[in-house]
Structure formats: C-alpha cells, structure tokens
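Down below are the structures I want you to see.
One chain, chain A, appears in both complexes that follow, with chain B as partner in the first and chain C in the second.
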Partner chain A sequence: MDEMNPRERIDAAITLQPVDRAPIIPLMDIVSPRLQGVKLAHVVKDLDLARDVMIKTFEDLGGWDATFFPGGLVTDVGWGIFAMASKLPGYELDEDDLWQLDEKEIMKVEDHDFIQKNGWNAYLAYAYPRVGAPCPPDRFIPRLIEMAAQGVKDTQVWEAKGISVFAGLGPQPPFEAVSFTRSLKETVGDVYRRPEVLEATLDTILAETVPMSIGTFQDLKKATQWGNRVAFLGATRAPFLSPPNFERFFWKYIKSAVNQLLEAGITPMLHFDSNWDRYLECFLELPRAQVILELDGTTDIFKAKQVLKGHMCLMGDVPASLLKLGAPEEVTAYVKKLIDVVGEGSGFILSTGCDCPVDAKPENVKAMIDTGKGYYPHHKVF
Partner chain B sequence: MHLLLITGFLGSGKTTLATRLAKAATARWQRVAILLNEIGEIGIDNQLMRQLDLNVWELLGGCICCTLSGDLVTTLQQLDADYHPNLVLVEPSGAADPSGVLKALPYYRGAPLESVRTLSILDALRLQLLYEVMTPLITAHIQQADLILVSKCDLASPDEIVFARQIAQEINPQALLFDSDSQELTPELAYAMLPWLS
Partner chain C sequence: MSDALITAISELEEAQVVDLVQERLAAGADPQAILTACRDGMAQVGKRYEAGEYYVSELIMAGELFKQANALLAPHFAVGDGATKGKVVVGTVKGDIHDIGKDLVVGMLKAGGFEVIDLGVDVPVEAFVQAVKESGAKVVGLSGLITLSFDSMKETVAALEAAGLRSQVKVMVGGGSLTEKVREYVGADALGSDAQAAVSLANQWL
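And then the complex of A and B:
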C-alpha cells in the first residue's frame, strides 16, 4: 500500500478503511512541559507557552500524525469551566505538582431549578464564584472568550507547521457535567431521590450544549485551514451506574449528542476513562464507522476489539504506569500487541491511555511513537 | 512494609478508618504512612491527621485515577527510602473505580512488601441506595476486597446491617467480614484487620 499522509491515515482509520499503518495521536499536554524543563505552574499561567512546549516535544520526538489538542487544557480557571473545584500547580499546589480535581458539592439541590429556568451556561457563570479558582469571578467570562480565541490561534500555529489538530472539546455528557459540579455523591442521591428533576436538568444541558458545541466547531473551521477532526466527549463516572440508570441518565444523551454531531458533519470521539467492559455492546447502537471510542487502559481494549470489530474505531491505550515505570522494550511489546490485535483490519489509532503521565520516561514515549511508525503487519489483509 | 488499600464510596468513612488504624498501629510503635488521593474530600481530616502526628502524603492524580497506580509505586519507593514505614495505608478517591490502583505494583523496587491487602468499607446506612444506583461500582469494591468492613452499624437499622452483610457475602464469600460503629475502632477489630500487629 502507498504511504498515506497523516490526514488520509486518520480518516481511513476512523472509517475502518485500509491504512498504511496505525495513526499515532498521543495526549501530551502535561508531559510536554516536564520534557522541556518547564514547570506546570508556568503553562497554567501562559497558554502560548503551553502550546509551544507541546510543539517542541512533537518536534523533538520526530512527530506523529496530529496533535491531540492544540494547547494546554488547564488554566487559572481550572475546572471552574465545568463549575468544579480543582487544585492547581502554582496556586494551591507546588509549582510542578500535577493538578487535581477537588470533589465538592458546588451545585446545590436548588440549582436544578436554576438550571432548568436559566440554562446551563448561566449556571456555570452563576456558580463559578463558589469554585474558588484563581481567576477572579469578574474575569470569568472574559477569560473564557480569551481561551476560545487562544484555541483558534493555537490551531493556526500548528497548521502553519503543516500539522493538524485532532480534537476540540465537544459537549460534556450531561451526567458527567452534573456529577462533577454537584459531586458524585450528591448526584447519586439525585438519581435515587429525584430522578425526574435530574433528568430535566440533563435535558436542559444537552439541549443547550450540543448546538453550542457545533457552532464552535463550525466557527473554528472557518477560521483555520482544517479545524478539528473530532469532537472530544469525555466520561469517566457513568459506567458505575446500574443498567437502567446508565440508559436513562447517560446513554440516551450520548446517542442524541452523537447523532446531532454527525448530522453537523462532526466526528464524535468518546474519550471514556475507567472500566466500560460491561457496557461495550452498547456502542454497537452507534452509527457504524463514524465514531471513535478512546480507552485509558482500564477497559479491556482487546475485549473491546472483539465486540466492536468492524463497527467503530478504537483508540488507546498505552497505560500511564507503563510509560512511567516500564522499560522501552516493554512499551514496544505492548504497542506491537495493540497493533497486532486491535489494529487488525484497520479501525485503530495508537494513543496514550488518557494523558501521558507527567513523569513518563522520554525513552518510553519515544519507543511508543517509533514502534507505531515502524510496525504494521496487516498490509497483507488488504 | 505492609500495604493496606482502603476503598469505599465517598463518605463511607475511609479517612476515619485510616486515622483509627494508624493510631492503633502507632500505639504499638509502628511507623505508619497514609497516602490520600482525595484532598478535596478530606481537607479537614488531613489537617487533623497532621495534628495527630500522623504522616500523610497526597497522591495527585489529575482528573481521574489513570496515573494513580504509577504514582503509588514511586511514592512507596520514596517512603521506603526516606521514612521506612511498617504500614502504609492507601486511600484512593471514592469517586473513582479503584480496580487499577494496585496494577503497577509489579514495578515496585523497594523493600519487599510483607502483605498487600484491600479493605472495602460498606456504609450500612447508604448501601441500599448506592447498590441500587451503582451496582457495578459497589460490586467492584466488594469483589476486590480481602477484608470488608460494614460501617456505621450503631446508626443503621438491623435490616440495613443484614442487607450489607448479605450483599458482601453473596459477591465475595472469601473476604473476611467485620462490623464497626461510627464511634470507635476497638483494638480487637484493629488487630483483626492488621493481624501482624497483635
């Protein structure tokens, strides 16, 4: 098979078409500062620096098929963007500490009513002062506008180097959004004690966030050469739910968001952390060859391949502990196994399992990328 | 060095138990280290622990637990080199699936671990609610446990205690099962959970 360019390779993998090798798109936002000798606190405060250390790392390691995100994800707003408290390097934590979610009940029970009357974005602005993020409340909206502009600028900088940006933040699944701001403990209580109220809140969030996200993707596309290839939908807590609750409070919203994004011409990437083994068959309900399921090393990706082979593209999942503690030969062996098994018949993107850890060994990251570039035994299949 | 992983949903009493076990162990002249991954949930308790002269380290894990397993190993190695504890109590986030926390232990290169056990706390007061809403998570907690502690038995009804014991035994009949109340941890119970102390 002729060598493909990165965009062709990624498109082919997503649509389950033959590839010359598996595309490689690791998530490198927190390891890049460390590899470049920059403290995490500095990239939280300087978004140009966050992007530049990612570019430098990309170049130092010989490049791959696309940058996962255009720049850093954590700023002085922290997870306040989701009305969730967080601890940040250079603020509550030491300058080179990894940031940490801070599980608190920011959203009170009466805020269900507020959200249903005023909308989700109004709630986020209303609740932000409770979060205690470093960015002062009167700067919250201006900061969000600055961050959106930064995303456009970062994408343009990557594209000027001929590198495309893979993902932009898509709509947050409503159950995950509520569990972050309300706390998982209180959200579980809502599922049990006031399911109709919770469901009405989730309806409100979905109705507001999906069209807004589609608009953002379309605007970015106009302002850049390629825009974002996929919309990132992150989830980590929904697989804890019992089957009836999973369907009612999570899955039906995912199906709706996926269908709306696809109708707008946007590829959904389900970045689903933690263990989804018991719900893998649900993904067969999504449209074939149009959606990516990205796993973090906790779900059995080899089982996922058995269940979803020929249906959807899988992405992942070199474990964080392997990149941090293993030897390059172990990383190489694991990547080869991924390509052998999960890459069979296409439909696979090689990536880190969630974020590449801040203290990953550089030689391990290089082993992951170099193995991905040099190893692909499936040509004969086509 | 003995390692005890304490799991349980948010608010089940993990930090309280860790504190009481640590006090029981230090009373027997053991060096104890506590590793916490929930600085939000335990902010006040964390300060309280330090006031009690307990040695607490925080595991910072980003958004979820995907990096926690590797961080646990490096922290254990650091503790082994700098502090030489006899007992390390690890409390991962109650808002995450703890199944992968010990996954990276084969990479540990410090002094041999004399025992590695997982203790899961079931809050008798809330277990029916939690089990109905989140069967997969509660089941995972119970399945992975070597020891199961049904907590808050002085506050729960007899039916709630029976329910918790039944669920624990049905899912993991091999695990050792204990009851505790919300007020204290008796030395007998502490030694049952940490038999090498007695």
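And then the complex of A and C:
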C-alpha cells in the first residue's frame, strides 16, 4: 500500500478503511514541559509556552500524525472546562508539582433548581467564587474568552507547520459534569434520593452544551485550515453506575450528543477512562465507523476489539504505569501487541492511555512512537 | 427482628434504615445487636458487588447508609465499647489528593468491623509511620491514582522499614493506574483491585 499522509491515515482509521500503518496520536500536554526542562507552573501561566513545549517535543521525537490537543488545558480557569475545583502548580502546589482535580461539593442540592432555571453556563459563573481559583471572579468570563482565542491561535501555529490538531473539547457528558461539580458521592446520592431532579438537570446541561460545542467547532473551522478532527467527550465515572442507572443518567445523553455532533459533521471521540469492560456492548448502539472509543489501559482494550471489531475505531492505550516503570523493550512489546490485535483490520489509533504521565521515562515515550511508526503487519480490511 | 434492617441496607432503602435504627433504639434494643445487623447488611452489599449485581455506586450509597446508622448509634456506645477485628491505617499518599477510592475503602473496612485510622489525602510519609507507631495497626492501606503516587508509596514502605515496623505490618496498595508491577516496585504485600478486595485482604491478615 502507498504511504498515506497523516490526515488520510487518521480518516481511514476512523472510518475502518485500510491504512498503511496505525496513526499515532499520544496525549503529551503534561509530559512535554518535563521533557523540555520547563516547570509545570510556567506552562499553566503561559499558554504560548505550553504549546511551544508540545511542538518542541513533537519535533524532538520525529513527529507523529497529529497533535492530540493544540495546547495546554490546565489554567487558572480550569473550572470553566472541567466544572471541578483544581490545585495548580505555582498556586496551591509547588512549581513543578502535577496539577490535580480537587473533588469538592461545590454544587449544593439547591443548585439543581438554579441550573434548571438559569442554565449550566450561568451556574458555572454563579458558583465560580466558591471554587477559590486563582483567577478573580470578575475575570472569569473574560479569561474563558481569552482561552477560546488561544485555542484558535494554537491551532493556527500547528497548522503553519503542516501539523493538524486532532481534538477540541466537546461537550462534557452531563453526568460527568454534575459528578465533577457536586462530587461523586453526592451525585450518587441524587441518583437514589432525587432521580427526577437529577435527570432534569442533566437534560438542561445537554440541551445547552451540545449546540454551544457545535458552534465552537464551526467557528474554529472557519478560522483555521483544518479545524479539529474530533470532539473530545471525556468520561470516567459513569461505569460506576449499574445498568438501569447507567442508561438513564449517562448513556442516553451520550447517544444524543453523538447523534447531534454527527449530524453537524463532527466526529465524536469518547475519551473514556476507568473500566468499561461491562459496558462494551453498548457502543454497538452508536453509528458504525463514525465514532472513536479511546481507552486508558484500565478497560481491556483487547476485549473491546473483540466486541467492537468492524464497528468503531479504538484508540489507546499504552498504560501510564508502563510508561513510568517499564523498560523500552516492554513498551515496544506492548505497542506491537496493540497493533497486532487491536490494529487488525484497521480501526485503531495508537495513543497513550489517557495522558502520558509527567514522569514517563523519555526512552519509553520514544519506544512507543518509534514502534508505532515502524511496525504494521496488516494490510487487509475486514 | 434484625432481618428487616439487614434487608433495608442490602436494598439501599435509606429512609427505612434510619427509621429501623431509631425505632430499635427507642424500643431499648442492644445497640451492639443493631450495629451487627447493619454490618450484616453491608456484608450482603459486598456479596452482591462481588457477584456483579451491584456496582461502585451501590457501594458508595451503602457506605452512606452505614455512616448514618453509625451516627445514630454512636451516642449509645461508651468509648472503647465494641471489639473490632483490628486496626488499619489508610491514606492517600504524599502528592496525591484523590479521595474517592480511599473513602470507599475506609467505609467498607469500617462496615467490615475494622477500626480505621483515616489519615486523609496527600499524607506525608512520616504521618503513616507515626500512625502505625501510635495505633499499633497491623495493616496499612496506601491509595493513589497518579503515577507520582508510586514513588510516595515506595518511600512510605521504605520509611516503615527504616522505622523497624515493616515486619509488623502488612501493606496493601490500590488505585486506578496500579498494577502488579507497581505493587512490586512499591514493595507492598498486596494490590487491592477495589474496596471489597481491601476488606478481603484485611480479613486474611487480621
């Protein structure tokens, strides 16, 4: 097969068409500063620097198929993105400490009513002073607008180098959003104590965030050469729900968001961390060859391939623990196994399991990339 | 009489649990017997989880019910009442502030009849050593989600060794990204894949 260019390769993998090799798109926003000798606090405060260390790392390692994100996600207004409090290097943490989400009950039970009456974005602004984030409350909205402009700028900088941006942030799945802002414990309490109220809040969030996200993608597309290839929908807590609750409070919203995004011409990428083994068959309900499921090394990706082969593109999942503790030959062996098994018949994008850890061994990161570029034993379709 | 309370906990019927505990206390029932029924209910929840019927959310909710029952029962116990199966020191290690898994383990261990010394999150190495020294606990549970926690866990185990305590305690580790390879790196005795596994390990060791 002729060599494909990166964008062709990615398109083919998503649509389950033959590829010359598996596309490689690792998530490198946290490890790049460390690899470039830059403290994490500096990239949190300087988003141009956050992007530039990612570009330098991309170039140092000989490149791959697309940058996962255009720049850094971690800022002093992370609340506006994740709806959760966080602790940041250079603020609450030492300068080179890893940022972390800080599980707190910011949203109180009475805020269900506020959200249903005023909307989700109004809630994020209303509750922001409770978060205790470093950006002052009167700068919250202006800072979010600056962040959006930064995303456009970062995308243009990558594109000027001929490198496309893979993912932009899509709508946060409503159950995840509530569990982030209300705490998992209280959200589970809502599932049992006030299910109708929770459901009404989730309805409100979905109705507001999906059209907003579609608008953002369309605006970016106009302002850049290629825009974002996929919309990132992150989830990690929903598989804690047992089947009837999973369907009612999570899955029906995912199906709706996926369908709305697809209708708008946007490819959804389900970045689903934690263990989804018991829910793999649900993904068969999504349209074929149009959605990506990205796993983090906790779900059995080999089992996922068995269940979803010929149905959807899988992405992942070199585990964080392997990148930190393994030897390069172990990383190579794991990547080859991924390509052999999950890559069989196309429909696979090689990536890190969630984020490449900040303390990954540089030689392991290189082994992952180099093996992905040099190894592809399949040249057939299903 | 205990069956209704056991069932109410096992079925996650919050209002019934509270009503039944209050009714029994008002009727002069032995608080220890009520606590035993609550623990039996939690044991049933654990079995349903192991059987795949219940998921993590049911463990979280059951933990909340047990906490509420305990709060109602607490004033009826004098300090030192109620023998436990043993003491367990638990915490999320230095540099990591994730508490969902740790709190689940704490709740399930308490429901399983263990006295838990919960050190919270971002726990310095010395705090674990101090807690083991002061409590005489024979089991230590180290929790962490991010890869940086692996080094803190390793340092904590080394500090227990340096303090001459390692041979007296069993150390279990748990958290989202942990694997058997991580357990080996840390030098722990066992890896717990979930909160129920932590209870099983503590039962084996104490």
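A few points about this structure:
In this text, the second predicted complex is superposed on the first by the 374 of 382 C-alpha atoms of A that agree within 3 Å, B and C clash if a C-alpha of one lies under 4 Å from a C-alpha of the other, contacts with A are read in each partner's own complex, and residues count from 1 in each chain.
FYI, contacts are C-beta pairs under 8 Å (C-beta built on N, C-alpha and C of every residue); 3 or more make two chains touch, one makes a residue touch a chain.
Small disclaimer: the values here were computed from a predicted structure and weren't measured.
When both complexes are overlaid on chain A, chain B and chain C end up clashing with each other. Looking at the shared chain after the overlay, A:Lys337 reaches neither chain B nor chain C. By the touch criterion defined above, A:Leu98 reaches both chain B and chain C.
When the two structures are aligned on the shared chain, A:Ala85 is found in touch with chain B, with no touch to chain C. For chain A, the partner with contacts to more residues, out of chain B and chain C, is B.
Within the superposed three-chain model, A:Lys108 lies out of touch with both chain B and chain C [touch as defined at top]. Of the two partner chains placed around the shared chain by superposition, neither chain B nor chain C is touched by A:Lys117. Across the superposed pair, chain B and chain C both touch chain A at residues 87, 97-98, 100, 102-103, 184-185, 188-189, 191-192, 239-242, 245, 273-274, 278, 297-298, 319-321, 324-326, 357-359.
Contacts from chain A toward chain B in the complex involve residues 30, 79, 85, 87, 93, 97-104, 183-185, 188-189, 191-192, 236-237, 239-243, 245, 273-275, 278, 296-298, 319-321, 324-326, 353-355, 357-359. Taken in their complex, chain C has these residues touching chain A: 12, 14, 52-58, 60-61, 64, 95-100, 103, 146-148, 150-151, 176-179, 181-182, 185.
Listing the residues of chain A that touch chain C in their complex gives 87, 97-98, 100, 102-103, 184-185, 188-189, 191-193, 239-242, 245, 273-274, 278, 297-298, 319-326, 357-360.
Chain B contributes residues 9-11, 38-41, 58, 60-67, 69-70, 73-74, 93-97, 99-100, 103-104, 107, 129-130, 132-137, 140 to its touches with chain A in the complex.
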